[in-house]
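Heads up, the next two complexes both have subunit A, just with different partners, subunit B and then subunit C.
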Partner chain A sequence: MSADFWLGVGVTAGVYAIFVLGLQINVGFTGLLNLGQAGFMGIGAYAMGMLVTDAGWSIWAAMPVAVLVAIGAGLLVGLPSLRLRSDYFAIATIAFAEIVRYTLQNANFAGGNQGIIGFDQAWRDVADGLLNWLDRFGLGGYTQLPLFVAVWVAFGLCLAGLKLLQASPWGRVLRAIREDETAAAALGKNVLVYKLQSLGIAAALAALAGFFLSLNVTYLYPSEFDPTFTFLGYAILVLGGFASYGGVAVGAILLWAVIEGLRFLHLPLSDGQMGALRFVLIGLVLILLGMLRPQGLLGRKAEMQFSQ
Partner chain B sequence: MIASGVLAQPILEIVGLRKSYGGLQAVAGASFSVRRGSLTALIGPNGAGKTTLFDLVTGFTDPDQGAIRFESRTIAGLPPHRIARLGLVRTFQLTRIFSAMTVLENMMLAPMGQPGESLLRMFRAASSSRRVEARLRESALALLGRFNLQDMADQYAGSLSGGQRKLLELARALMVEPRLVLLDEPMAGVNRVLGARLLDYVEELRRAQGMTFLFVEHDMDVVMTRADQVVVMAEGAVIAEGTPDVVRADPRVIDAYLGRASV
Partner chain C sequence: MSLTALVLAAVVGPVAAGQATLNGLVAAGYFALGAVGLTLVFGVLRLVNFAHGDMLTFGTYVTLGVTALGLPFWPAAAVGVVATAVLAVLLDRLIWEPLRRARTSTLQLFLAATGLAIVLRYGVQFFATGQVRSVGLDTTSSVDIGPWHLGTLQLAVMLIGLVTIVLAGLGLRYTRLGKEMRAVSDNIALAEVSGIDTRRTIRITWLAAGGLAGLAGILYAAAIGSINPNFGFTILLSLFAAAILGGIGNAYGALAGGIVIGLAQEWSTLFFNPRWKPAVGFAILILTLLLLPRGIMGRGKARA
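Up next, the complex of A and B:
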């Protein structure tokens, strides 16, 4: 069932791609080094899970509300920390993400290390319906296909929306803030408000990625949302390219194709050693890319050079 | 009579302004005013507190003490973007342009009142946003023409020479259609011919639109021939204020410039 395996890889890549769209608007277009993206994802996913399992909401009603909760978290974190210098902001966001993870791990309301299960029945009904319909075309066996389609359609909609925003005068102000926030303020732009909006959008995208992640894994537990997720997100960002939303998809697919493809490489190593080697190779790829194509695969070279 | 009374009111008043950094008094009780529609030069030796004064007036630094009034309104302590929105715009000694944006984008970004810059209004105001964009593009290109930058409109601003950046920063500030413009060494690095044209244009804006300019300049030729008011700072305080002729003859100014040892 190799096709289903690769569809599964595609789902993971799609989850990361949505997640990294948020990093791109922060890092590539606003100049905000947001290292807390996994924290926003955890808040969004848990809010959705708890609204369904504890409060008995329908998952479809829980999702938009959970997005709002994540945006609220973004504003709450941003309001004090965006006044800090950019490197301190980065540290504050990673601290926030760790606070979220440790709280989820230790709080009774979040199920602790057992996490949350049983929030995805409504989705599985939809997926089963879709698989029944696909069976008519002989595709019913591809159990990952419904989620694969859902996650990449969601990515496409987010991508279109972000491109629209970025092409607007609003997007132009974001880029000006990335270039020189002092000059932007001197021209009457309320820098803090734009940064909060950028962070809020990133948090919303993180929440959305969190929904698909939890539907894929079928349960919620704290270590899904550890900082490694954010760091792999940054690897995708670098791979795909600076200030390119389209590059995010390319980076996500490439990274996960390489990580999962290396499973088929048969070396005389233990599973643990093999797992470590995969990330060593990813590191080497990133170093090579940094030397040969620092702007990333789809990034704009001139824009990156002038942006220093 | 009332109208002339309003006109006589200075556009900017600074009273007893103080700012220290640690033990250093950067601005030590400076007081002066800028007449509406004037081209006022702010001069003084290095370290006199001119740039700190600009930072205080434009909200980038909060004063320890003293009052700043723009159009009779107290602005000390307001954040920079609020002050800019009142019509008080500045340029910087070390030029600040948006390098990885085109020259035209730098210009079109500057004005206020583009509803498309608001996330909450951009969709409701989509058609007016497009109209404003078209108008901004037109006025930006016209203004770039005045500064000989029209051919660079689609280049990244980061590819401009030092002098061109200076011009772009001034042109960008003028896009805001401000009432008072603070220029921190606008001529530095700009060649003399272009510099003279720049000043001609400033003069024209002053006459045609009543715009007021306060500028820091080290070239005494430029100050004495172009400015109609001169404010002299030394060691954080204003030591003389008046027309170029009055200031030039002031013994305190000569003292500050030539040093006490020579007196």
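Up next, the complex of A and C:
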């Protein structure tokens, strides 16, 4: 297989990595079991797509507005559901994500199962320009390279920002909430506000991941945003390590390298069976990590403290 | 509910309302039987079991596999139910009991449950492909009850479902085992000091939850006529809705909640396009969580 194939895998891994950064701030640092991340991603990506194709906006103006829309959705979902017990919160968020997907599938405004196309021309012009320039170094043939660079630069910026936030007093409060909510509240911290901020940041990161996902597949359709995306995100989270932002990149690359690498294993199975087998393996890894090493490969056991 | 039915009859006419109610009672069976297992297991696991929906899938595909060997559908269904019950107990031994003993966090339980859900779903897909597959039953024959119309299969599903709901309810209410199961689901520590053999009861709870899940899946497949390996996961949220509506951990509540969800989804088709049917379950789920988080019969604490 060509280098372009692996660059494509790298793009997918990068999209997941940005997505999982959001899960990490929720699960790893705030103790929120957010299962609605794919829903926030869908809202962000569709908001961007619809602002471009329906309202005629430039994609560069649509992206920041779509991030705000996703954050708004995060606050709207969080405000009532964060008052619930943690397992109920998990169910409320997955129900939210399914409502988003059903709405995108069935509502008249979102293109239904046909989806949305034709929002990415401005990006493709930029990518072509980049490829022309890369051609001078003999790299013009790698069509996936511009998106690959864009995704991982975006990931690096998000990673740096989150690390700064986490080292700040604000980040320490998040951790305190994860470990003992009552104690944090007793110190005068408004727990709900901090949780909302955590959820809002996760929604923004989901939207960003959604932009790259839609630029990669070049169209938007509802099943891209089904809950499996979130569950794979959790697999990446524990693979890389609980409460480790850097680990997210490791987890994402590892998971996708294994998933795509299995293609080269020539087993006497049909394509469908190979596809199913890959997911069975991911499921087994999740069960084993959950039972034996929930802090993940790079995570620290000391971080595994939750408010009861 | 009967009041709602009367109001509906007045608004859309008795024929349409009655037809939707009949269809709703067909769906009520598989929602209620799926939800009662989910709710009983919640008490044991302290986590909503994300793999429960895929137990429905498992039981149904075992049934289809056995029919492929030549057995008729309903005897094969019995094999499917038993297989799912046995699988549930086996999984308890392999996964849940060790996790229970280690007093693990919600995150660990969630990871294991999600992983198991994926293994079951794609394991089924490995053997049966991801394609939509017909159950292979006669879906054309039907019966007329006055002005109402119901497929013979749907009628069978409705009767089996309702009879099993009543049996499950009576069993939970009056048998010693049923009382023990409710006690363990309600409060394991308290059940233990009351002299209940909790390990044995937990095993039997899984057996019952698994068997009922298998039956629920088979009834769903028979009522709809065709399925794919994702179907259990897709109706899992409706099962959550039923369990939470009934007050999570409360077995009667789950049975009642399942009936409400089944009826509500079918009644919604009188006013909205049927493609929105699953969204009705989600809406009930969200509204219950926001307005009545303990459910209609629950006593537990739902807020943090």
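A few notes on this one:
Simple rule for what comes next: the second predicted complex is superposed on the first by the 292 of 308 C-alpha atoms of A that agree within 3 Å, B and C clash if a C-alpha of one lies under 4 Å from a C-alpha of the other, contacts with A are read in each partner's own complex, and residues count from 1 in each chain.
Convention: a contact is a pair of C-beta atoms (placed from the backbone, for glycine too) under 8 Å apart; a residue touches a chain by one contact, two chains touch by 3 or more.
Not measured: the values here are computed from a predicted model.
Comparing subunit C and subunit B on the residues of subunit A they touch gives the larger count to C.
By the touch criterion defined above, A:W170 reaches subunit B but does not reach subunit C.
Applying the stated contact rule after C-alpha superposition, one finds that A:F306 touches each of subunit B and subunit C.
Within the superposed three-chain model, A:D180 lies in touch with subunit B and out of touch with subunit C [touch as defined at top]. In the overlay built on the shared chain, the residue A:N190 is in contact with subunit B alone; subunit C does not reach it. Within subunit A, the residues touched by subunit B in the first complex and by subunit C in the second are 304, 306. On the side of subunit A, the complex with subunit B involves touching residues 165, 168-170, 172-173, 175-176, 178-180, 182-191, 197, 302-307. Within the complex, the subunit B residues that touch subunit A are 58, 60, 79-81, 84-85, 89-90, 92, 96-101, 105, 108-110, 112, 114, 116-119, 122, 129, 133, 156-159, 172-173, 176.
In the complex of the two chains, the subunit C residues touching subunit A come out as 46-48, 95, 98-99, 104-112, 114-123, 125-126, 129-130, 237, 240-241, 244, 273, 275-276, 278-279, 282-283, 285-286, 289-290, 293, 301-304. Here subunit A touches subunit C in the complex through residues 27, 33, 80-88, 90-92, 94-96, 98-99, 102-103, 105-106, 181, 231, 234-235, 238, 242, 272-273, 276-277, 279-280, 282-291, 294, 304, 306, going by the rule given at the top.
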